[in-house]
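In structure tokens below, several structures.
Each of the next two complexes has chain A plus one more chain, namely chain B in the first and chain C in the second.
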Partner chain A sequence: MSMFLEAIDIRKSFGTEKVLHNMNLRLAEHEMLSILGRSGSGKTTLLKILAGLELPDGGRVLLEGKDMGRVPPNRRDMVYLYQEPLLFPHLNVFENVAFGLRLRRVPEQDIRKRVQEMLDNLELPEQSRKMPQQLSGGQRQRVAFGRALIINPKVLLLDEPFGALDAETRASMQQLLKRIAEDFSITALFVTHALKEALLMGDRIGLMQEGKLKVYDNKKAFIDDADTGVQAELAFWRGIG
Partner chain B sequence: MNVKKFGNKLASLGIILAVLFPFGFLLMLSMGRRWVFPSLLPEVWTPDNWLAIWGMQSGLGASLALSLALSLGIASMATAGSFWVSKQVAYHRHRRRWLAMAYLPYVFAPVILAACLQYFFIRTGLSGKFWGVAIAQLFITFPYGLIFFTSFWTERMLSMEHLIATLGGNTWQAYARVLLPVARGALLTCFFQLFLISWFEYGLTTLIGVGKVQTLTLKVFQYINEANIFFAALASCLLALPPVVLLWLNKRYVFSIGFSGPSRSGKSGSKDQEILK
Partner chain C sequence: MQKTSTYIGLGLFLALTAIPLLLGIGYALLFSLGLTGILSEGFTLEHWRAVLRSAAFWESIVFSAYVALVSIGMAVSLALFVVVRRPHTFEKGPLSFFIYLPLALPAIVMAFFIFQMMSKAGFLSRLAFQLGLTRSLGHFPDWVNGQYGIGIITAHFLMALPFFLILYTQMYRHEGMRALMQQAYTLGATRRQAAWRVAAPALFRRSFATVVLYLLFVMGSYEIPLLLGSQSRQMVSVLTIQKLQRFNLDDIPQAYTISVLYSMAVIVLALSSLPAYKWSGRKLFNRSRTVLKE
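Showing the complex of A and B:
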């Protein structure tokens, strides 16, 4: 039986450097898979290939069983979110969130209603007329989520979205994302290099190492595997205690 | 205290007068006739010189129209073209090589560049023609625009474009809704600078135009050579007018833009904590 999103035998090299080696991935609908990996392990390349922003050297990407090989990024219905919120600097919060709806020529009345609902959901109802440079880092990231979620994408590709936030804001944003992932039944890939974040965010967890992805059946299997670094982390904290 | 204030005001007035004097002097000369030593001012004051702009005899009106058409056309074409081409160069793997080539026209003076190219313009029948001068001016304005815009196309802009694509936008929508509005200030500044380069261009226009393409800048030098100071002053006034208008437009529309380009989000600080409480 085919999964909601599948990547089959994906290969990618940049020059002589092999970034992804026959990488496979299966993601069910409404599931959030977090992928842990160090810098340069190929996480971003994988997300970009899934979004259609990079072409793989080989392999296939299937969404709902349909081959995405020749489908351009703007027709894949997969939104790629960067570490930086990348809000459009000439548009206010309302227009940033409404951006995808305006591209789809949604009627003005619907836009107003849906954007207001989204801003309420993201706890930003008072900020709608503010410009991006008037917002804090956490608020910007919320607007970026709102801009992506309002078009109901089939898959959300999150590339270390909280990497630029301080520890406290990061923790709050993780909780917010967990809540909206449930409310909106999101299907998502969440890429991070932070062990705790990977454990917290994913329904399942994968480990990316040297261009290969290993997805664990459950969190216990992930914790028990010495390669993930969880055991080393636990030993460190026990040592301090 | 009062003496200091008075001194400051006097200094300000002096600076303003020093800046405005050449323009005032040119304006005065443009309306004068018969200025013979030892008279302090021209003996006859008349608007006839200005009225001659509309007459066929002086050719000033035609030169003004030609210069405006040439400079506005060059500035528009070079700005639009270099904006698009600079993007291809900025994201090309041989970016440095292409940029180095863009600097080549500036290794020589424009007049030397014109001397090098003149043979080809003669062979193609473009020498002495409006289109010949236009193409020759593009040789110096287009690379300028290319160099100007290359710094606009950063990794951040590329990421923004990718984001627009995954949000469902096509290339046209990306340009119309984000890239062009974000680049508005840069586009206007580049247009203004390219207009000025073309407007005041002399050496290259003289060589390729072989005196047949009479731009206003050439007209000024022609009147100076003829020792016709009144018409030279009039042509200079006309020469100064469009840049002044553009300067005013630039001040009003470029510097009044309410944002300073894409902002970089850093680590959030106390503002976040306040909001999260």
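Showing the complex of A and C:
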């Protein structure tokens, strides 16, 4: 049976360095898969290949069974979100969120209604006329989510989206993303190098190691695997206690 | 410690740039009001009235603004076009070196070059004649010394273009434009939409204060309009120098009046570009408002 999103035998090298080795991934609709991995393990490369921003050396990406090989990034319906919110600096909050709708020539009245609803949903109703540099890190990341969610993408590719936030903002953003993931029935890949965040955000969890992805059947299997680092973490905290 | 060094820097900046400038403007103001100078006979507003009623003065202001807007408008537009379409053209290879060479060219050399290329006896005129496009060299259009300032605009355009190409190339690299454009692609933008809806406006916004300052620089330029300008329509700097160096000593206070008026206009425009500096996403001061950030 074909899954909603599949990556089959993906290979990618940069020069002599092999980043992804025949990597496979299967993602069901409305599922959020956390991918845990160290820096340089190939997480970002994987997301960029799925988004069409990097070309793989080999392998295939299927979305709803359709080969994405020749589909450009703007037609994949997969939004890639960076660690930095990357708001367009010349547009205010409203126009940033409305960006995708304007590309799709949605009528002005609908744009106003949908953007306002989205800003309300993201607890940003008062910020619509502000410029990106007038917002806090957390607010900027919310706007980036709003800009992505408003076009209702098939898949969200989240590349350590909370990596640049302080601990408190990070925790509140994790809660917010959990809520909107449920409200919008999001299908997403959530890449992180933080163990706790991977456990918290994913319906399932995968571990990226040496260019390969290992996806666990359940959280217990993830916790029990010594490679994930959970056992070492637990031992550390027990040691302190 | 950082505060002290900032204040020392600010003091040095004022001492070396602002104070001599203000002293010069002050002297010009006194001269224009008849309070100093060889022929001064005490306070008078006569020179100010004469300048403000003079059609030549207003025409020179409008002509200077026209030349600056057209030449810099074209240079900025073309530089943005090239950089958003081919952002890496001037990053590597021989072009990355040669693009800096025109910046080292003195304005007077560029003016001579344009004169030799575009005047009625110049290269393009001779080429047009040889190709049978004109009946004689005299039939070639007045691109140099003509009333539309085509020669002046071309010279300023050719000098400004490499500057803005370098500026936008550097900004493209350092302001994360590639990532912004990739973000736009995954939101549904084509390459053209990402270039024109994201990269170009973002770069222009970021450079806006620089563009305004360059406009002011071109408005006040001297050598190029002196060599390539017409007798009837002069840029403000040429008009000022002509009045200052005429045999009629009564014109000298008018020259100072024009220079004071022009300086005031430039200062107002420069100050009005401060909000633009903020609008471009930059900060003059950090939160404590003591340290110059950029």
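By definition in this document, the second predicted complex is superposed on the first by the 241 of 241 C-alpha atoms of A that agree within 3 Å, B and C clash if a C-alpha of one lies under 4 Å from a C-alpha of the other, contacts with A are read in each partner's own complex, and residues count from 1 in each chain.
The working rule: contacts are C-beta pairs under 8 Å (C-beta built on N, C-alpha and C of every residue); 3 or more make two chains touch, one makes a residue touch a chain.
This is a predicted model, so every value here is computed, not measured.
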After lining both complexes up on chain A, report clash or fit for chain B versus chain C. clash
Tell me which partner A:Pro161 touches in the superposition: chain B (first), chain C (second), both or neither. neither
First (chain B), second (chain C), both or neither touched by A:Gly211: neither
Quick check on the superposed pair: does A:Pro72 touch chain B, chain C, both, or neither? Answer first, second, both or neither. both
Look at A:Gln139 in the shared chain and tell me whether it touches chain B only, chain C only, both, or neither; answer first, second, both or neither. first
Where does A:Ser172 make contact in the superposed view: on chain B (first), on chain C (second), on both, or on neither? first
Thinking of the overlay built on chain A, is A:Gly100 touched by chain B (first), by chain C (second), by both, or by neither? both
For A:Gly42, select first, second, both or neither according to whether it touches chain B, chain C, the two together, or no partner. neither
Quick check on the superposed pair: does A:Phe88 touch chain B, chain C, both, or neither? Answer first, second, both or neither. both
I want to verify the contact counts: of chain B and chain C, which reaches more residues of chain A? B
Scan A:Tyr80 for contacts with chain B and chain C and give back first, second, both or neither. both
With the touch criterion stated at the top, can you tell me which chain A residues are shared between the chain B interface and the chain C interface? 51-53, 72-76, 78-80, 82, 84, 86, 88-90, 99-100, 103-104, 131, 133, 147-148, 151, 157
Where on chain A does chain C make contact in their complex? 51-53, 72-76, 78-80, 82, 84, 86, 88-90, 99-100, 103-104, 131, 133, 147-148, 151, 157
Which positions of chain B touch chain A when the two form their complex? 156, 159-160, 162-163, 165-170, 173, 177-178, 181-182, 184, 258-269, 271-273, 275-276
Which residues of chain C touch chain A in the complex? 176, 179-180, 182-190, 193, 197-198, 201-202, 204-206, 281
Residues of chain A touching chain B in their complex? 48, 51-53, 72-82, 84-86, 88-90, 99-100, 102-104, 131-133, 136-141, 147-148, 151, 153, 157, 164-166, 168-169, 172
